[in-house]
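After the structure tokens below, expect a handful of questions from me.
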């Protein structure tokens, strides 16, 4: 279970997240929707202690995460796939999958062969260097690298950004399958509602750093005003 | 007013712009839209002179400007705002605007007098620009302490203090709350009327795009998909497919 | 045969340098800190080993054992330095981190002088290494072969670990993207600590093993510092293969220099370095992440105000009192104090001119003393041997020469380089000048230009006799004051506002119609002119100018003054130079103490108060004001209209 209570996050003097509270149950799947600049990425980074200055309580399975550095959080079972993917360019696809083994901690990391079978698109590219991949391939690899240490929660930050619709479809399939199979919890920040709906069961909406909606997809759909007001795509 | 022909641009082996041509008339508001990675920002940078195009020509009021650097284009009447507002964080709101007014006077060839401080009329003009951008209650606040929306408005004020003939805005409402957004659109509309501006903008928010633009170009993967009025773009099948189509999935 | 010998010697030099350069490379490659103090840690290693093995190590094992012990001690010291200093440098700007490591260098050098004294020691090679191998008339000292072997060995080990091992993948992952490395569970702080320890270990090892190759003096750090820097820059910052090739190149160039330019030792390498920086500022090998942006620099230390302040009574009173104290000095102060104050005045103006580039234009240069030396030598030489050119004409000429040389340097340098490359480029130019002066007998070579007479200024109707110390002091103080006020006025005018705009956001400046490159060049020229003019004023005061005036050590003085006082304030450099001069005066009789204290103070400033002393003052002032009821704030700039 991932608990967030009264979370504030700051970049310099600007107060990006304001008093955020919610929980993601074990193996739960939650989307965080919101416009550019609403604070979605800041939320993801705050959970990992990877950038913003944070105040408030964060706990994983009851364990308080305060002041724990990001590499330890990774080992405890949180895995962030950042917005800009950050594939290591100097090593191969397979090495990118194994480098995150350090984050497995006491869990059993997934072997590259198994990951490659989940992401068939990467199969023929296994010996390529990270720098030689296209955007879609990088995103697939970033997700594979993120899931490789078999985390308790996978944090995906806008994975569909800039991807062709076909790839988005493949990505959704892979993510759903993986989470089902491994029992991984998912916190997904998105602007693509269709994708978020495929991958998650609940939806949260961020607006200017505040949580303005929390509910299931049917609840979300029952109020068309929400979409208009906060997302207006 | 702006005439762009066949702009090509690549970063290394990756072609980002594959032959873009546009023509924007005096007083027109022209929007560039398209999914992330479509090349909007690169095209913008080519127009403003931040990055050179590999080939193609840009005519501004009949003059070929594609070889000029950004500051030279500003001297000819370009004004530019950024996705993340570029302001002077170590100066106050008023100082930011004073510096901008002074810059315009310098660009127009006015010499500064013997006094060190900016003249009264400069300060007054800056203060009035702060009023027009709804910042007059924050004149003496350091810009680094401004909220996101205030920063964007300050940047707009800085840019308009240059009295540009064409205003280039990269996502003028990115990351704003709906109320901020509405306020910003209103200010842009008001200032556009007062200054008789020609505007080029990129934007994600369709409300903003439809609320401001006369004509729209939709880009995808470095190529133009369609150019036309709001009505034409709304009904264009290809556009729905690649850009507005996300709503269809949703249904 | 001579060529063969030169090449062999060059290789020996190159590999010695590589041992130090490899440590600099490791630290930069991982932590993005260019550790200027590495040469000093090498020196400490050498001293430690010397303490263990004495002047005549009896066997190779003894020498190696001493070196190993020194290396281990240095590794521990590296751990301490990493925790105490390096870890805290992540959040400060590039220029600040350079200056912090420079402060470390001062602390180390001060420490060495305080512990081991300033005397010179030499260590002989153990017998087994003392001989030479001859082959067909070609002699190769065994010791040199051993050094070359060691260099190659260290390279191979590093090459295998970094490029061909699983550990290397992790290490390079951190070099590429420390943030993401952390997120995939890599304990980056631990890796950083290990890398720093390895680098320091290598410095200690080199210090111990190279003992028989050089004399052990407190100047030992210097040659290794500059040369290993060159190696690192030529090779590409942070790239170990580059450093290895760079070291070989450097050795070869030194060899060629020895063959073809024996009168100007060590100058060719600077010429090559400058060519390199202009041709390929990123070095032979491009290292990902090595180019750091200037964006981060922007707010560290604060942006100085470019709007005229209100002339409050307090401010005017402070100015009047300070002027009165300085001008009355010849009436009551002793000669030593008077000399120090005159010196401090010149240093203060030099620092003001440097901060015009750093604090206002956002350019960090490391060779500012070169302009100072140009002016000082010009005026000094002409007063002594120039045959009656009027003094004021000489001063004007010194400003012009400074401006012209700054124009040439700036035109080329600002076009091609920024950040670290600009710093190293300007540093190299300063060193070239120093060396040229050093080997020009007409300028007094090493000993400097001494016996510079003080002038009598002819003003047509009457003349002013400046030959007495009192008279020249008044002239110097008044000139420095006028220059400072004129520069202040400049920074408070539209021109100053252009500068701070460029510094805060060059892109915004471009889109205000400011041609950033051109205005940076203007600032460069103005700064060079003032620095040179200050040198010209200084020469008759000191009555002697030595090549040290152009050295990089002197170039760092304005930086130290500026940072200590506060780069975000026009008068910061003056405050800093007053404090440093006072420190120097108070500790003048203890060898090393002044360096130690100055260095320690500087590290504290960079780590704890990057706004300098004035920055601290302003912070407290704000706190006090926040508590007090706020007075209505009339915008200062609205009062005067031209």
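So that you can tell them apart, the chains are marked A, B and C in the order they are listed, and the count of residues begins at 1 in each.
As a working rule, contacts are C-beta pairs under 8 Å (C-beta built on N, C-alpha and C of every residue); 3 or more make two chains touch, one makes a residue touch a chain.
Bear in mind the structure is a predicted one, so any value in this text is a computation, not a measurement.
Viewed as a contact network, the protein chains are fully connected, with every chain touching every other. Chain C has its Cα centroid nearest to the centroid of all protein Cα atoms in the structure. The greatest centre-to-centre distance from chain A, using averaged C-alpha positions, is reached by C.
Distance between chain centres (mean CA atoms), chain B to chain C: 42 Å. Chain A and chain B have CA centres that are 33 Å apart.
Shown for chain B are the residues in touch with two or more other chains, namely 144.
Residues of chain C in contact with two or more other chains: none. Those residues of chain A lying in contact with chain C across their complex are 48, 50-51, 69-71, 74-75, 79-80, 82, 86, 88-91, 95, 99-105, 145, 149. Note for the complex: chain A touches chain B at residues 12-14, 35-38, 135, 161-162, 165, 192-194, 197, 207-208, 229-230, 232-233. Residues of chain B that touch chain C in their complex: 48, 50, 69-72, 74-75, 78-80, 82, 86-91, 94-95, 98-100, 102-104, 106-107, 112-121, 123, 139-140, 144, 158-159, 162.
In the complex of the two chains, the chain C residues touching chain B come out as 298-299, 302-303, 307-308, 489, 492-494, 497-498, 500-501, 504-505, 507-516, 633, 635-642.
Across the complex, chain A is touched by residues 35-37, 144-145, 147-148, 171, 174-178, 204-207, 245-247, 249-250 of chain B.
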